[in-house]
Structure formats: structure tokens, C-alpha cells
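Several structures are given next for inspection.
Each of the two complexes below includes subunit A, the first together with subunit B, the second together with subunit C.
Our next item is the complex of A and B:
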């Protein structure tokens, strides 16, 4: 074995040497040629805009008035943002949305994964059915859920009324229900994603672990606690990381469903951001808000990844 | 009292017959080793005893009770898996204590701590009790999984190649330790291996499996000296027994229906004063012993050289065969007689 590996490595270095002789390029030069375009692209569409946004966040720039002189106003945008009651409201709405969607999606997604993993007849058929919402466009999903949510003609209100006798429910129009209306749709759409990753985790558990537990007379709860959960947790946490970041930036579904209303009950951070930037054209101010959101996600994400690595090891 | 019994057990997986009409009985306190090459059905046999597989037909008894239809938990057996099957993300202590915390077997915390400590010391993992099992080396994991079986006092221990991933030194130590533990606990063990040395040293009896069938079950000595078939003869002894057509090499004094003769490498004397002309083809020094591949009359034989004889490839010599130890087989490769018993 080590012999073989050595021979392969030697063959590789030989072919490397030949390749570099032919083109007269060092390995480093070739490496740069390969990654150069990607780095340029990254600089052009990621790094530069980020730096430019940071610059704008310290100015009074308005994108709809290109002729107006741009004035450096220091941290005034930030001071106004952090002092504003409204901003905290938008962030709270966002946190409410992210936390509840994650809770529902973890519980339902993990549950579905456990069911599907039993490999009953037709399991793969049902998997495909369950995955459909995830594959639809958010614009389409948002639009048809507005029909489903119709208080008089929609099926949602009808079903809830049928079982709970609540009368007609105006999910989108009522201040109390609107935040839940977007949570329900997001859960409907993205639970399959969490389920899929949980299923990958479950499938990675070898049978003999459960067999050993069976011989040790472990009960169902112990099997779950000692085997299933530790093995699935890294997958689950990864799914939550992806979905959490996505939902922190949630925009499309909510625009289609409630457009932030009624009032500003479902005005999530990114929806407010779009309003400030492209309806009120307060470019400098919204740049500062964007930077605050970026730092928040980045910070939370980093903490989360640290925890994730700890769980994995 | 019988520790465990299989009666005419069949087990197939689709087209594959894993176990075919297998009957065997392990006495209480006996150490039975199942020996066979890969795919012989060793693991399947253990799984049938454990209840992880249910037989297509036949009966399974553990501690004199018919358990054919009972689930593993009801059989009170311990299983050491071929792969270490430990609970990930838990410490060595948690893994060892787990079987003692199972429902119906609950011990108080103090006795659990004591028992786990004893076993860990015995397997020399006492200093690792607080480590996570994912941080252990392969050998340590294997010892934890052996320990997880030993903390309990089940009716029957089932061990599937438990020493295969350990280094030679540790394997030897644990072999001795395991034998001692088995005597101390008066434990009934069915142990699977394809290592003939392990089989010879550990077993009270060896069962030799060939493609799902039990070819022979005997004490190591009998199995070595009177192998039931050519196949069984080839399973024990290293290097393998030489199988020669009867009549060649002057092997004529066997029973009249003998078709082939088995000669153990240690029964060939090289550098003899008289005997067949032979050429040394290759020599293998193994430290404590030297093995020569010899060609005589177009037949190749392995011989175990006496200490003090040094030979080189290409050298010519004479060999003598101790035909009084020859083992005779008929045309169906079945044992007819052997020198050892006259």
C-alpha cells in the first residue's frame, strides 16, 4: 500500500515537472491563472461593493440626485439608526420570523425525516411529493398563498374554521395574524430542505449501532438520545445555519404575501432596507443599515459555526 | 447444561445461502471458536444466536430456553461487533456504563462506577475513562467495545473478530487476558475469527465453517491431527498443510482407498541422509522459524526447517517425510485415517 502511494506520488511529481517545463511556468503561476478570474470576479461584485457601501454609509449620498454634492457626515447615519424605535421594531419582527420558522422547521423536518427513514412502501414517492414546495419559485408560492389565505374564499380559513370554529380568518390583513401567515408559508416551503439534510444524517448511521443498542436493551428514547441525535445534529445545525441566514434576509415571499403590512407588522429588516434605499432614496442612511445587518449576520454566523465545530468533534 | 444450541438452522439472503443446515451446541462455560475464511457465514451464525437475524428454519436455544422467535433484548447475550459499535460523542465511561443502565438491569451509580472501573483496568483503558470515544485509537475503541460486553454477566458472549484491529503485541496480551476472564467468569463464549492461531490458543473446541456449513467441530488438538476434510486441514496450521496425491513421494502405505495425503510442514525433514532428491525454491525467515518451499518430482511442498539448518534458494538436498504422521483422505476429500491415531 505505502509502496503504491509512493509510486503514484512520484509519478505525479514527474508529470508536474514535465508540465511546467513545457509551458515554462512555475506551479504558483499556474495556480494563479486558475484562481485569478474567480478572485477578480469576487473583487468586482463582492469586495468592492462592500467597501463602497461602507464609504457611503458615512455620507449623505442620495442615488436619485446624482448632481448633489456628496458630504461626509461621520457616524450620524449610525447614530440615527441605533436611536430609532422603528429600527428595533423591524429587527424584532425579523428575529420573531427567524426563530419561529427555525423551530417549526426543525421539529417538523426532523419528524418527517424520521418517518421517511423507516423505508415503508412508497417512501421515495412521498419524499418526492414532500420536496415539491422547495422547488417552486417564492414569487409563485407567495401569490398562490394569498389566494389560500383569502378570508372568505380561501381554503385555509375554511379548514381552520371547520376544526376550531374561529370564523373567517384574515391571516394577511390582521395585525395579530400577519406575522404568523409568513411563518406558515415559509415553513411549508422550506421544511423539506431541513428534512432532506436530516435524512442525510439519518442515512449515515450504520445499522450495527442500533443493533448494539438493541442487545444492550436500550429503549427508544435512549436509542434516540445516544445514537440518532448525536449523529444527526451536525447535519441539522448546518441546515439551520443555511436557512437562518436566508430567513434573516427574507424578502421575496413577504413582498408577495403582505408587503410588510398591515402597517409595518411584517416589515422585516430587508424589506425596510429596500424601502429606505429605493423608495425614499436615502442611500447613505440605508447603506449604514445594510452594514449593521451585515455585521449582525456575520457575528451570529461566526458564533454559530464555532458551536457547530464543537458539536462535530 | 447447554449454553447455546443451533438446530438445523438455515439462513439465506436472496440467492446467497449464508448458513446451511447448521447444528451446533456450546456447553455452559465453554469457549467455542468458529473459524472460516471470509464469507463462510461466521458473522451470520453469531447474529442468529443473538437474534439480530431470524433463521428461515431451525431452532435457536440460549441457556436451555427456546429463543428462536425472541428479540435480542430477551436473550440476554452480549455482542462484540466486527466494527466497533460505540455510542459516538459519549465518553468511554458512558459507553461502558450504558448496558448497566438499561431497563430491567438498573444498578445503582456506585456499583456501576465500580464495575466499569474494574473492566477498564482489566482492558487497560482505565486512564481513558473520561475521553470521548471518537478521540480513541482503533485499538482502544475495540477494547471499549469488548469492555461493553464484559461489564454485564450475560448468558452468552458473542464476539466477532474482536482482536482483528489490534497490533500483534496487544492481541497476544488480550488473548491471554480473554482466556483468563472466561475461566474466571465461567463464561460461555462463541468467538469468530479467521486467524488460526487465535483459534488454536483460545478454543476449548473449534468449529470450522465452509460456505455456511459446519465441517468439523472438535478440540484444537483433534481438529489439527484428525481434520475431517482437506478443507478443514487447510484451515489450521501455518504454513498450510501439503496435499499430495497418494502414491507420489513414496507415500504408499496408506489405506487402500486413499486418494490424497496431507503432510504438515513440520513432518518434512530437509537435509536428510537419504530420501527424495529435492530443490529449495525459496526460503522464508520468520525469526523463530524458517520455512522452505521445496520442489520434488514437480510437486511443491512447504517445510518447516529445523533450527540450525540454513538453506538457500537454488540449493539441492534430500528430504524425508515422516509418513507415520500423514493424514489420508479419500477421493471426496474426506478423512480416512491419520498417523497420529494409528
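Our next item is the complex of A and C:
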């Protein structure tokens, strides 16, 4: 017995010695070993390219002519951009897209969340079904929607015509309908996202609030206005922040659906950026546009977060 | 009484029924495009462009055969001289006066999607776990700024970063390579991965590690033996999310790959048949591409919630 206790004690001191050696690595050292690789990779693939874009935006560089001498041209790219009327057109198309997709998705998503929160039988199953579109690849789905949107043979035009008697609808080809064609697909894909966050908000409301409202004889509208809405609003605004940023950058879905057409009706900012950068190869000029977009998103995002924090408190 | 704000337990049976019907109706309408994709994959090319759109049709595997092969048009005499077809798919193709000339590149593109998807997911989760632990447990200078910096890397439009990355990859010999795409997707996914995993680490009580250290574990051992096993669910949820992002990504793949490292998303739209897009083949490719994601979503819906909301919603 004493033998065993001694052996155990010895084993303990040995393991302690090893441990103290490993512990010799200070906490700061461990912290940097853990965080370092992530920061390095982000610096290499996010920050370095960003700085390079800033530099290129002051030059006349063209990526398809690597041999050409690069000239520093100061702010001329920015002047040309801000003076051009086309740019405002692209930004306007982007704003139209962002605002309408957000409106539709908030209304439908919030509505669905309220309905699902009634906890009918099978609610969880149907919620999962509704989620599916948002998990899919926008570019691949967008390609197939061009088939669904075919005016003669497509099923969209057929169904709408069947119920509303509109005749064949050329959703992608007509100037009037094309902006709505991308809004419909985006709403179809991303309404579940807004719905999910609203649902999370609804489920965070404690029951006693409604019980208290009952005692105060608050009617349904009052309950919605004074209890439900304030509690869901922070979640809803967060959802709109994430989706708003994504839609401001919208590229893949629209490239495959309309590729900016007809004319430049649906030429959103990112799509124009791709044209300038990878079709016309005006690298310097498109870099300046990229910086303007980034600053806009960053600025709007920051203002929005300030408002969000105010709503939260 | 319309009690949209009523607490769930109180909803009347009729109210529940109406709410349920409305939700089911929405779900069914939202499913139409997906059902249509599935159905079109089994149509013959003439059926796929008939008016009115055909709901009932004779199913055929022509779309799938066309997806995986390249074909050339030949004269009937030439086809007859080849002798009887050796397989069911050859027979299908010959009915259209075509001869299979080789496999298409779809399988390669699909394989690229798998390699790049899993490679970048592994790296993003590995680095993300370390960084999340570091941020959660250690005093890091400028911690909040660093975390915000990590989040803000998501605000740049991919097309905007694609220009310098294109130039950088060209310099480093990484353009159009799987290694380059894995690095790129890892970097893009890291922001999500760090934020999500940090939330999971924050929830593990520190006392566990402190107890382990008192027992003679080193800091690293405590991380390896105590924290990591408890993060398993969080790591799985994060991995699914990174995988789905990499699987679906299109902009970088379109702009930075062409021949060898191209993934499926930029390839599916260019499956050309005679006279425009070969819709059954496109639908077949789309079905095969979307199917794993649909299965994942249905099986793992509970783990997905947190990733969808960037860690904002906790259960």
C-alpha cells in the first residue's frame, strides 16, 4: 500500500514537471499562436488586396496589359466616377432592388413568423421546407429561373396568366418587368431568412407580458404594437442589416438571371463593376468604383448599427 | 379576434388551422420552382420547351445523359454503320441522330466543388477554432477592434476584392488552382467561423479549464482535453455553414477560375445544347448540385439556425 502511494506521488510530480514546462509558454504567447494565423490570412487575402485596390484607384492601370507603364493620375478616376450620370443610374437600380426586396421580405417574413408562432401541428416540418430556398446557390438557381421566366414556355408566365389573364409576360426581356423579376427571385430565396429572425424574436417574448396585457384589457392591436413589435424589432433590424449589405453587393443571382439587361435596367453596382473590371479591363477606374461602394456600405452599415443600438436600449 | 400577438398556447383550434393552412400554402408555392427543376431534369428536350408547360410527361434520362456526355450530330447512314448501340444511354442519344464523343466536364467540376468545399471548410474551422478560443479566453490587445475588423471583411463586394486577388494570384501562380481557391474561401469563411465559434466557447464555463489546470493540465492540454470536446456541436454547425457557403460561391469562382479549378456553379449555366441552353441537362445538373444541400438542410435544421444568423440568435 505505501509503495503504491509513493509511486502515485512520484507519477504526479513527473506530470507536474512536464506541465510546468508547457505552462512555461506564457498566456500571451498562446494567445498569439492561436489568433496569429487567422489575422495573417485575413491580412493577406482581405487587407492587402484592399490596400492594393486603393493604390490602383489612383492609377490608370489595366490588368490585361501588364507591360504598360502604370501612371499615377491622382483623383481623376474618382472625379470621372462622381461626375458620370451612368453611375447614379447603377446606384439607383441598386437602391430600387435593395428597398423593394427588403419591403417584401419584411412583410411576408414577419407575417409568416407570426403564423408559425401559433404552433399548429407540423409547424416545425413546414418551417424547414420554407427554409430550403435560402440554402441554395443563387447563381445556379438564377440560371434555372431564366427558364421559369420564359414568356412562352415558362411556368411563371403561364401561372400568372392563368390566374390574372395577363397574357404572356416577358419578365426578363421587358424594361418594365425586369427589375421586378430579380426582386421576385430574391424575395423567394431570402424571405425565410427574415422569417427565421422574426421567429427568434417572437420566441424571446416571455408569456407574462401577454398575461399582464390581458389584465390591462389591451386589445390585439395594442398588444402587437406595445409588446410584440418592440421585442421583435431588434431581430428584424439585424436581419435587414445582413440582407441589406448582401443585396447592396448583389452579384451572382442577377448575373445569371438578367446579366444587367435589358439595356442596363438591372445593371446593379456590382454587375457594372464586373463589366468595367473584367470586360473593359479598366482596372484603375473600377478600383475607384469599388472603393466608393465599400465606403458607402461601410458608412451606411455604421449609421444603421447606431440606430439599431438605440432601438435595443 | 385576430390575435397576432397572442401567446402561442392560447391560439384557438380554428386560429391554428387557418395559420397552418396559410403557412402550408406558402411552402407549397415556394416549392414549385424546385419541383420544376426536378421534373425538367427528366423531360425530353422537346417536352421541356412545349407550350403550355407540360406537367405530365413521359420521363426520360436524356437530360442526365446529356449532362455527363458530349455529343456530335451525325448522318443516319453513319450511325447505322456503327452497328447496334452498346448501352441504354447510347441508344437514347442515337435517337436524336447523335453519337457520344466523350464525357463532359461536369464530373470534374463537381469534384472540384467537393475538394475546394471540404478543403476550405477544414481550414476555416481549424483556424477559426483556435482564434475563437484565443479571443474568448485571453486578454488580447484591441480585441473588439480585431473582432470588428474580422466582421468587416465581409462588407467588401467580392467583385471589388477580386481585382487585386486576381493580380496577386497571377503573381504567385495560384490563379486557376484548387489551392488558391481553398485559401480564398478559407479567408472569406473565417469571419463567420470565428464569430460563431467564439459564441460557442463563451458558453463553456471557465471553471472546467481552471479545474483541469489545478489538476496539473497545462493550458494547451486543458484546451485539447476539456474545451475541444465540448465545442463539438458548435464546430459541426460551423463546418456545415462554411461548406454550404463554399459550395454555393459563384463570383470568385467565375472571375478567378477557368480551366482546371472551376467549380460547378459557373459551369452549370454554360451547359449548352443545340439552339441555346439544353434545359433538361441544366435541370439535371442543378438537381445533382442542389440535392446535397437540401438533404443537409432537412437533416441538420436545428444546427443551422445559429449559422444563418451569424451567431446573433442563440438557442
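Note that in this section the second predicted complex is superposed on the first by the 289 of 313 C-alpha atoms of A that agree within 3 Å, B and C clash if a C-alpha of one lies under 4 Å from a C-alpha of the other, contacts with A are read in each partner's own complex, and residues count from 1 in each chain.
Just so it is clear, a residue touches a chain if its C-beta (ideal position, glycine included) is under 8 Å from a C-beta of that chain, and two chains touch if they have at least 3 such contacts.
Note that the coordinates shown come from a computational prediction; the quantities given were computed from them, not determined experimentally.
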First, second, both or neither for A:212, with subunit B first and subunit C second: first
First (subunit B), second (subunit C), both or neither touched by A:313: first
Contacts of A:39 with subunit B and subunit C, given as first, second, both or neither: second
Partner chain(s) touched by A:280 [first = subunit B, second = subunit C, both, neither]: neither
Which of subunit B and subunit C A:80 touches, first, second, both or neither: neither
Which superposed partner A:227 touches (first subunit B, second subunit C, both, neither): both
Subunit C versus subunit B, contacts on subunit A by residue: C
Doubly contacted subunit A residues - partners subunit C and subunit B: 211, 227
In the complex with subunit B, residue positions of subunit A that touch it: 206, 208-209, 211-219, 222, 226-227, 230-231, 313
Interface residues, subunit B side, partner subunit A - complex: 50, 52, 71-73, 77-79, 81, 83, 85, 87-90, 98-99, 102-105, 134, 148
Residue numbers on subunit C that touch subunit A, as the complex places them: 1-11, 15-17, 19-20, 22-24, 26-27, 30-34, 36-37, 40, 48-53, 127-128, 130-131, 133-135, 138-140, 146, 149-150, 152-168, 183-184, 186-187, 190-191, 194, 216-221, 244, 247-251, 254-255, 264-266, 268-269, 277, 279, 282-283, 286, 289-290, 293-294, 296-298, 301, 304-305, 308-310, 312-313
Partner subunit C, residues of subunit A touching it in the complex: 12, 15-16, 18-19, 22-23, 25, 27-28, 30-35, 37-39, 41-42, 44-50, 52-53, 56, 63, 108, 112, 114-123, 126-141, 143-145, 147-148, 150, 152-155, 158-159, 188, 193, 196-197, 200, 205, 207, 210-211, 220, 223-224, 227-228, 235, 238-239, 242, 245, 248-249, 251-252, 255-256, 269-270, 273-274, 277-278, 283, 286-287, 290-291, 293-294, 297-298, 301
